[in-house]
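Two complexes follow with chain A in common, the first pairing it with chain B and the second with chain C.
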Partner chain A sequence: MKLIKKQIPLAIVFFFGVLTLASYYVPHKVSVDFMEMMNKWENIVSAFAFFLGLISLFYSHYHKISRKADGWGYSLFVYIGFFAMVVPAILCHGKLMGAAGQTALGWSFSFMYNPLSATMFAVLAFYIVSTAYRSFRIKSLQAFVLFMAAFLLILGKVPLGQIIWDSVLGWTGAGVDQVIEWIMGVPAVAGKRGIMIGIAIGAIVTSFKIIFGIERQYMGKD
Partner chain B sequence: MIKNKFGFALILLVFAATNAFSALSGQNKKQIPAELPPVTDLAVIDMPYDVGGTALLKWNVRPTDTTDVIYKIYVSSMETGGWIKADEFPADARTGKDIDLPFWAWEVSAHEHAVKVELNNFYGEAQATGALFHFKVTAVKNNISCDSQVVSAKTVSNWFRLDRVNNLVLLIVIIIIFFWAVSHAKRKGLFIRRIAGLDAIDEAIGRATEMGKPIYYVPGIGGMSSISTIASAFILGEVSKKVAQYDSQIKVPHYDPIVMTVCKEVVKQAFLEAGRPDSYREDINQFISQDQFSYAASVDGMISREKPAAVFFMGYFMAESLLMAEVGATTGAIQIAGTDSEGQLPFFFTACDYTLIGEELYAAGAYLSKEPMLLSALKVQDFGKLLVMVSVFFGIILVVIGAKLHWDPFVQGILNLFKAY
Partner chain C sequence: MLKEKLQKFFKIDRRWIFLLLAVVLFAPIIKPIGLPNKTISRDVQHAFDYIDKLPAGSFVLFSLDYDPATRPELHPQAVAMVRHAFKKNLRVGVVTYIAGSTGLIGQIFATVPAEYKKVNGSDYVIFPYMANAVAVMTQMASDFYGIYDKDQDGRDARTLPVMQGIKNYKNIAMIVSITGTSMLDYWVAYVGDKFSVPVVGGVTAISQPGYGPYLQTGQLKGLIGGMKGAAEYESLIKEPGKGTSGIDSLNLAHLLVLALILTSNIILLIIKYL
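Right, the complex of A and B next:
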């Protein structure tokens, strides 16, 4: 039993992990084909997993409706939204445009899905304002540096800001656009690269933990 | 009058002689022949370190290679005829220096033309590797052209990327440190620095238990092949164990159905290990949507309605990060975030109470589990960063010295060592 539950899965992880790692150093067609095959398998597994996800979604919302749980009315919209897209997709054979112009599926995309999606994205702008207000309250030296950097960036992006800069700090000889370029190109990039180096090393080590079977949490305990 | 004619003739003679002399000396300097000679030393080889399908044409730079001379590269799969123009460029361009390979894998030469011909573009992938192809170079100047001799070669798939040896050496060094740290951890144990964001997890779960409100764990929009999602699944296991111990509630809304399937097993196992399998419910993990903003809208709705005591954002995030974190912040929940998506980190910094930066997310599962073997990985991460810092420090010094002394090949060599190919 231990062989099936532990050793064989670990051997599979090790085998495919090492092969995938080796494929980075082996440019041969065999290696390229192997990676393509892995990607195809991932897509196949994803397709099956999507059905599982759909069953989970319908199941949980069905229970909410049947138990009349708080906010059960919202669960109805899951079904309405699903059928509003899937039924036209089946009827139109998945085509957005037909001989007579936009199909029902195309209409659903253009006048239901896209506006809703764009609305969510647009909300982001308001959240950025509220989060910026919170983060720009100067409570420490670090907060002050953050505020100054952000203030200069905002200032340099509007014509009025450039005029103010030129009239107040024009004597320095440095334009606001040059200051912005320096902030974005030197301290911001330095910080970003530091984080990226840490991420890269962390990713390598995490991969080793999984490939060499040190991290086995995904398989459960003995 | 005669005297004047003689003087005029003398001036003309001097002028003509000067012109003739300057023309001769100019010819000696530039040595441009009256007609364009053909390329005589054309050679073709398989492009090294690639999957195949690319040939590399080489011939020496000639004195006649000026901007007004054009080289045209022709390729054919037939013995005679069937020529296809593969490339065209001015004669003063495309030398060995333009091939982007490091010094240990490629002899950089500015005295040699080196042109890659990607046969896949003309003959398809299946035919490009293994079949015999013929090549010729035509030099063109002022509508006069002359062909080189025809050379032939086959391209092959190569077995090793010699240009990535620097990467391989770094990998081997990290593997050695990794096994050293693991064996050291087994024998003696390791000191691990504190990570504030992870220490706050207990506090967040305790708060949720006291308030009788649920905990939301958002694993982001990454797939199961993303390292951050894998790390998130490990953290979920530890968080779920604590939730089960405290008899609190946890909800995990999912973007990816595969991640949901894995997380179901992780949570189930955590409840089992905590001795509370009866508390596990199938609807802890719930699939929401594979559309980014639908997912964000749904999670926002759930957080707004249920007002959880704690929200965890662990995994890969994009534009939805702020949409969800800001809604969580307005409900007053303790928020702990962790992502390796550096573009989203500022949003989490501003909207969450604690944020795990990049590699701290990967280390979190090990840190929470407190298992020595897993903790050793944190030590490897620290050693790796030290190695990079020392390399960068000495690299900078060497490059500065090389640049100051105008040792261009030396500087180029150092830069090659640090470059990814």
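Right, the complex of A and C next:
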């Protein structure tokens, strides 16, 4: 049992991990063909992962509804939303609907998914503005620096802000766009580059740990 | 007494702030102010120049990966860049790795090609949605048709006139990635760097500062950020669109945020030292 559940999966991960890594650096037809095959396999496995995710989603919401858990009514909309998109897509067979000049799926996308998704995101703007007023407190030097950077960026990102800058601080000779370019090009890039290098090193180390069987959490608890 | 009155400002019902923002956003849409877009940022200019210098007939691959949530910022960018490509008589290929993008891509290509008398299959081609972007990107390096053997309408991609001479990245003049996700990072890391394909990006304003390192090293040839970037690009191609018309609302909403932060902190200072 240990052989099937542990040693064989670890051997598969090691074998394909090392080969895939090596293929990246070997510009030979054999390695190119191998990568091509692996990519196709990856796509096939991804498609099954989608299906698995869908089953898992339905299963968890079914339980929520059957137990009448808090907010179970929202779970109903998971099913309604899913079938509202999928059923018309299957039934219409890609045919255009009369006056609308769209397929049934196209209609569902344009008049259901599109406005609903856009509304969800747009609502965020209202909460951000409300939070800006109620929570952005300049209580320390760090908060002040953060505020100044945000202030200049917001001001410089809109033409009206540029007009205000020019009329108030135009005498300095420095445009707000130059100030922004410095903020974005020096302190922001320095911070971002540090984060990127950190993430990259972390990803390399974790990958090696998985390939060599040190990190095994993906195999589950058994 | 004054202190208590000022403290009431912090307990204001947030629905008043919501209403104020709604007015600030809607008023310029109903009656545009027409504020001038004074500057063109360096990265937008670079993106424009790069496309503008491509010889007619070059194949440009557009990766349009955004859904309706980021549509207001990214759709005008995509429309402006597709218009520019058609104006320059470039061949256009479109791919996507976000399922929600397919409808938005359909909206662009339902109207824009007709303005320039471009034909599906001869001047542009739309490929179907694919999951697992990184695997697809890697696959296209050796054989484009290993992944995209058919276009969105089920036609054999190899036989389409627009795809003549295209086998892999060596035949692609440039990649344009417009995305609200991390897809642009993938194009840079897995394609741009490894296969020396120039990459130009279009992203939301909030994620724009994160691409500074790629721009400094030349891994990204240009970058359009948010609705302002779209408005700048529209002014460069002299085709005002949704980016330009949305700038008024953007102006006032940004300044409202600044005014609210300043007001609350001035009140806080007065309360503290009163």
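Simple rule for what comes next: the second predicted complex is superposed on the first by the 190 of 222 C-alpha atoms of A that agree within 3 Å, B and C clash if a C-alpha of one lies under 4 Å from a C-alpha of the other, contacts with A are read in each partner's own complex, and residues count from 1 in each chain.
Everything that follows uses one rule, which is that a contact is a pair of C-beta atoms (placed from the backbone, for glycine too) under 8 Å apart; a residue touches a chain by one contact, two chains touch by 3 or more.
All figures in this text were calculated on a predicted structure; none of them were measured in a lab.
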item	value
Chain B versus chain C as contact partner of A:117, first or second or both or neither	both
Which superposed partner A:97 touches (first chain B, second chain C, both, neither)	neither
First (chain B), second (chain C), both or neither touched by A:181	second
Which of chain B and chain C A:189 touches, first, second, both or neither	second
Partner chain in contact with A:76 - chain B first, chain C second, else both or neither	neither
Contacts of A:203 with chain B and chain C, given as first, second, both or neither	first
Chain B versus chain C as contact partner of A:109, first or second or both or neither	second
Touched partner set for A:160, first chain B, second chain C, both or neither	second
Which of chain B and chain C A:53 touches, first, second, both or neither	first
Overlap of chain C and chain B interfaces on chain A (superposed complexes)	32, 42, 46, 50, 117, 120-121, 128, 130, 132, 134, 192, 196
Touching residues (chain side chain C, partner chain A) in the complex	10, 14, 17-18, 21-22, 25, 35-39, 41-42, 67-72, 100, 102-103, 106-107, 130-132, 135-136, 138-139, 142-143, 146-147, 205, 209-210, 212-213, 216, 226, 228, 247, 250-258, 260-261, 263-265, 268
Interfacial residue positions of chain A with respect to chain B in the complex	24-30, 32, 42, 45-46, 49-54, 56-57, 59-60, 63, 70-71, 74, 116-117, 120-121, 123-124, 127-128, 130-132, 134-135, 192, 195-199, 201-210, 212, 214-215, 217-218, 220-221
Parts of chain B lying in touch with chain A, wherever the complex brings them together	49-52, 129, 157-161, 164, 167-168, 171, 174-175, 178, 182, 223, 225, 227, 230-231, 233-234, 237, 254, 256-258, 260-262, 265-266, 269, 272-273, 282-283, 285-288, 290-291, 293-294, 296-297, 301, 305, 319, 322-323, 325-326, 329, 340, 342, 345, 347, 349-351, 357-359, 361-363, 365-366, 369, 373-374, 376-377, 380-381, 384-385, 388
Residue ranges of chain A touching chain C (in the complex, touch as defined)	32, 35-36, 38-40, 42-43, 46-47, 50, 106, 109-110, 113-115, 117-118, 120-121, 125-126, 128-130, 132-134, 136-138, 147, 151, 154-155, 157-163, 175, 177, 181, 184-185, 188-189, 192-193, 196
